[in-house]
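See below for the structure under consideration.
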Amino acid sequence: MEKKIYLDNAATTQTRPEVVEAMLPYFNVMYGNPSSVYEFATQNRKAVDDARGIIAKALGAQVNEIYFTGGGTEADNWALKATADAYENKGKHIITTKIEHHAVLHTCEYLKSKGFEITYADVDEYGIVKLDQLEKAIRPTTILISVMFANNEIGTIQPIKEIGAIAKKHNVLFHTDAVQAFGQVDIDVNDLNIDMLSASAHKLNGPKGVGLLYIRNGVKIRSFIHGGAQERQRRAGTENVPGIVGFGKAVELAMASMKERTDKEIKLRDYLIKRVLAEVPYVRLNGDRHRRLPNNANFSFQFIEGESLLIMLDMNNICASSGSACTSGSLDPSHVLLAIGLPHEIAHGSLRLTINENITFEEIDYTVEKIKEIVDKLRKMSPLYEDFIRKR
Amino acid sequence: MEKKIYLDNAATTQTRPEVVEAMLPYFNVMYGNPSSVYEFATQNRKAVDDARGIIAKALGAQVNEIYFTGGGTEADNWALKATADAYENKGKHIITTKIEHHAVLHTCEYLKSKGFEITYADVDEYGIVKLDQLEKAIRPTTILISVMFANNEIGTIQPIKEIGAIAKKHNVLFHTDAVQAFGQVDIDVNDLNIDMLSASAHKLNGPKGVGLLYIRNGVKIRSFIHGGAQERQRRAGTENVPGIVGFGKAVELAMASMKERTDKEIKLRDYLIKRVLAEVPYVRLNGDRHRRLPNNANFSFQFIEGESLLIMLDMNNICASSGSACTSGSLDPSHVLLAIGLPHEIAHGSLRLTINENITFEEIDYTVEKIKEIVDKLRKMSPLYEDFIRKR
Amino acid sequence: MYTAKVMEHFANPRNMGEIENASGVGTVGNAKCGDIMRMYLDIDDEGIIRDVKFKTFGCGAAVATSSMATELVKGKTIQEALQVTNKAVMEALDGLPPVKVHCSLLAEEAIHAALWDYAQKRGIQIEGLSQPKSDISEEEHVEQY
Amino acid sequence: MYTAKVMEHFANPRNMGEIENASGVGTVGNAKCGDIMRMYLDIDDEGIIRDVKFKTFGCGAAVATSSMATELVKGKTIQEALQVTNKAVMEALDGLPPVKVHCSLLAEEAIHAALWDYAQKRGIQIEGLSQPKSDISEEEHVEQY
């Protein structure tokens, strides 16, 4: 295939043309600072508020519960650090899981260095958090439970409603990192008892560099970025107006197309999973077969290493990932795959394919053929495979 | 005039068409995540590095000393909080000034609540920091001096080289908020002994929502936003590729045009200042007559209040500001004007006009005429003016 | 930020000016907070407010509330004028931004102050009127951290 | 991320495969770190490396360094092969990204391990060769906070 097949939509997505279109006037026509008093700038304040309205509606939230940030990572940092700050008088214990994104895990490590205690709840072999363990971990000093809505590597969707109920029962705040879930799964913060939620525009065909933190009214929240009075004095810094407008537009489009789009993605995903499991020996699907994001497939191929696989796919014009994009460059295998129980060498041979609705069945077919070829080639090169065959 | 006269370039600037042009392909053509391994994404990594190179050169810095952020405010927060974190074993004393931007001042208040001691150095009537006082304030426990390069309200440019020398002499780190200065004034971090420097793209015709922190190699620095391994593991979060590319382009253009542009601005600025001082009674120029940003003029008109003045200017298609845009909505007069010794009621009557090189002398003339009319009208309405006239 | 009504009153303030030998003059607010309002009342022997003028140093909302307040009391009896609350002024302006509500309070107080001055000069008592504070400052403080 | 040379060797690895009844076989690395290299040497009676093959489980750099290492030792004497350092391998590949330098060390170690196996089988000592570690893990830890 000449055309690039982009199967890494969990890493980032193409900003939709309609989104770019919506952003453009805010660069050099309506470029005012929303904090300014003159008419020229009030249109920008309105544009920001309109985006906030669209997003609040998509989450079932109030307009004044949405705070824009510079991305999903900032939102995660804010949620955890500001909660720690505001509630440390109540206690210094936070519960999260072993499979969170580094934006949560590394923030937890930071908080640990500041005297907080962190419990990392286990997940089962499908990546579902163990609810009984989670509930048992709650102490009188627990101030926050942070569990991601859906995992970025293996796509597993957590039982968020149940977790929300547990948090509520024990009067503990509940934050969820919904960076991967927003736009792919129905989310209603009230129905699910979510107190704080992080999202990022570039994961749902919006621009990079803009995200949000939903904070339920009533939650005591401190600023994380201090300065001017923007975002109701909660998040300082000149608003990224074009970015926020783009985020709003992307959410509007994602919400409008949700059912149709995810139905299509699920068909493509299931076809991909079925073919790979049927046609490649010594392979496993990571994550849950059904409780998974519509766009996510994650495989481990025994005896081969992920980066080599990726490069060979790339040589064949297929863009894929071996885990979270953020951790490439690291030599450790994915903490998520280890948490679901994979041995190191199998975790090393993992491949994440995340589709979008514009991928075709032909492209999936081509991809499966290439995977077969490449896995075969790499196994021929592998001393582990050699040993395995010898021992048989 | 039918055309809008935008005289609030210190609040934000128009993103140049060339900058938007440079950004566009990174939204939906080269949209990959720079952390990904495939070829398709490496072009984005390169784009980010190219921007970093341009900016490093503009500051006389090493490429690996530039870290991109979500704006100037984040950069200020990072510089102060991370230094506090990394050096608190040495001491918990920070020196700054009374006229910093809220991004620095509110961060200092936060640090104060965490047990740090902050000294706010005074400035003289022109807004220049008192060097002897600054030096005397240094203690064995002082870990940081943070003094802005140029003030956002009154435009005063600080004696940064002298401050850098003092910091170096006493072995204290020196951070400068150069958000207003970058692109308007020559900056060489080595020549000026700057250890950390904040800047923001939207103040120099780049996009909103992207900034940078320069951190000199050798400075112990902690992350402020934790998560993925981006920005050499120092600033997590998927890179805002279009924003960073736009920042790079804006800096490239600003550097190329610096001399010519600022010469032009200085002529316009001086003409504006001369006319207003000559033609409006009971007015003063705030800030230093010469050591000021090329684009800044700031006046206080006795007996009238700034917001009314702004709204009337707005009715005449002139966009201006009465202080920093961030603080509008607040009822307090500008802390900067109070710091240079203005009484409250005079501080309330202040007007900031920040030009750009595309403003014409005709537009300045029109603006001066309107100022004269409006000031006259508002004084007729003012009980303070009534009292003043009566008492004469 | 402001309603059309506010903007209209700001652009074309009603009853701006002074009254020579006014029956009552009241000044409230302070320059520190950036708002000073002065009301002049011309009250006839029947206790009808025949004329009213204002001068205001302050923001757009301060000017508009002053203007609206003068309209609401002009031609009214003293007792009617006392019923002109800040709420009435705000409603007549189709509302004010939250940070500007204090301007409408100032307008109410300015009328009261002018009536107080009138009563003092006349050596009378007006029912329901107590000495107004001459300084209204009522800033909102939102927790920052 | 990789040089053209690295990509070329990755795409077309030289000397990939096994040697039946090899004079020496060495395996280094571990699956935990994601890199395992195995070298097969065919050494003739004069001590010349007549043939060399490799198998590698690992990243692009691991495959390319294995391939390059085999090229560099093929036809060489044992003493010459011992001079093939990781630096030589890296230079021949026009460099490696910093996080991948350990792959070149692994390649050097794999040759040494195969030579060690050869010496053991033969019951001889090779000057300058000590028993290689069978497990090379050499991760960089950058302070995160």
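Miscellaneous remarks
We just call them A, B, C and D in the order they show up, numbering each chain from 1.
As a working rule, a residue touches a chain if its C-beta (ideal position, glycine included) is under 8 Å from a C-beta of that chain, and two chains touch if they have at least 3 such contacts.
Computed from a predicted model, the values in this text were never measured in an experiment.
Between the chains A-B lie more C-beta contact pairs than between any other two chains.
Farthest from chain A, judged by the mean position of CA atoms in each chain, is C. Centre-to-centre separation of chain B and chain D, using mean CA positions: 55 Å.
Remark: chain B and chain C have CA centroids separated by 39 Å (rounded to whole angstrom). Centroids of chain C and chain D (each the mean of its C-alpha atoms) stand 89 Å apart.
Shown for chain D are the residues that touch two or more other chains, namely 144-145. Contact of a single residue of chain B with at least two other chains is seen at positions 37, 106, 109-110, 223, 226, 307, 311, 329-330.
On the chain C side of its complex with chain B, the touching residues are 7, 10-11, 13, 16, 18, 27, 31-38, 55-60, 62-63, 99, 102, 139, 144-145.
If you check the complex, the residues on chain A that touch chain D are 106, 109-110, 113, 303-305, 307-308, 311, 315, 329-333, 343-345, 348, 380-386.
Here chain B touches chain A in the complex through residues 4, 6, 8, 11-17, 19-20, 24, 27-28, 31-33, 35-41, 69-74, 76-77, 101-104, 106-107, 109-110, 200, 202, 207-210, 223, 225-230, 236-243, 307, 310-311, 313-314, 319-322, 324-330, going by the rule given at the top.
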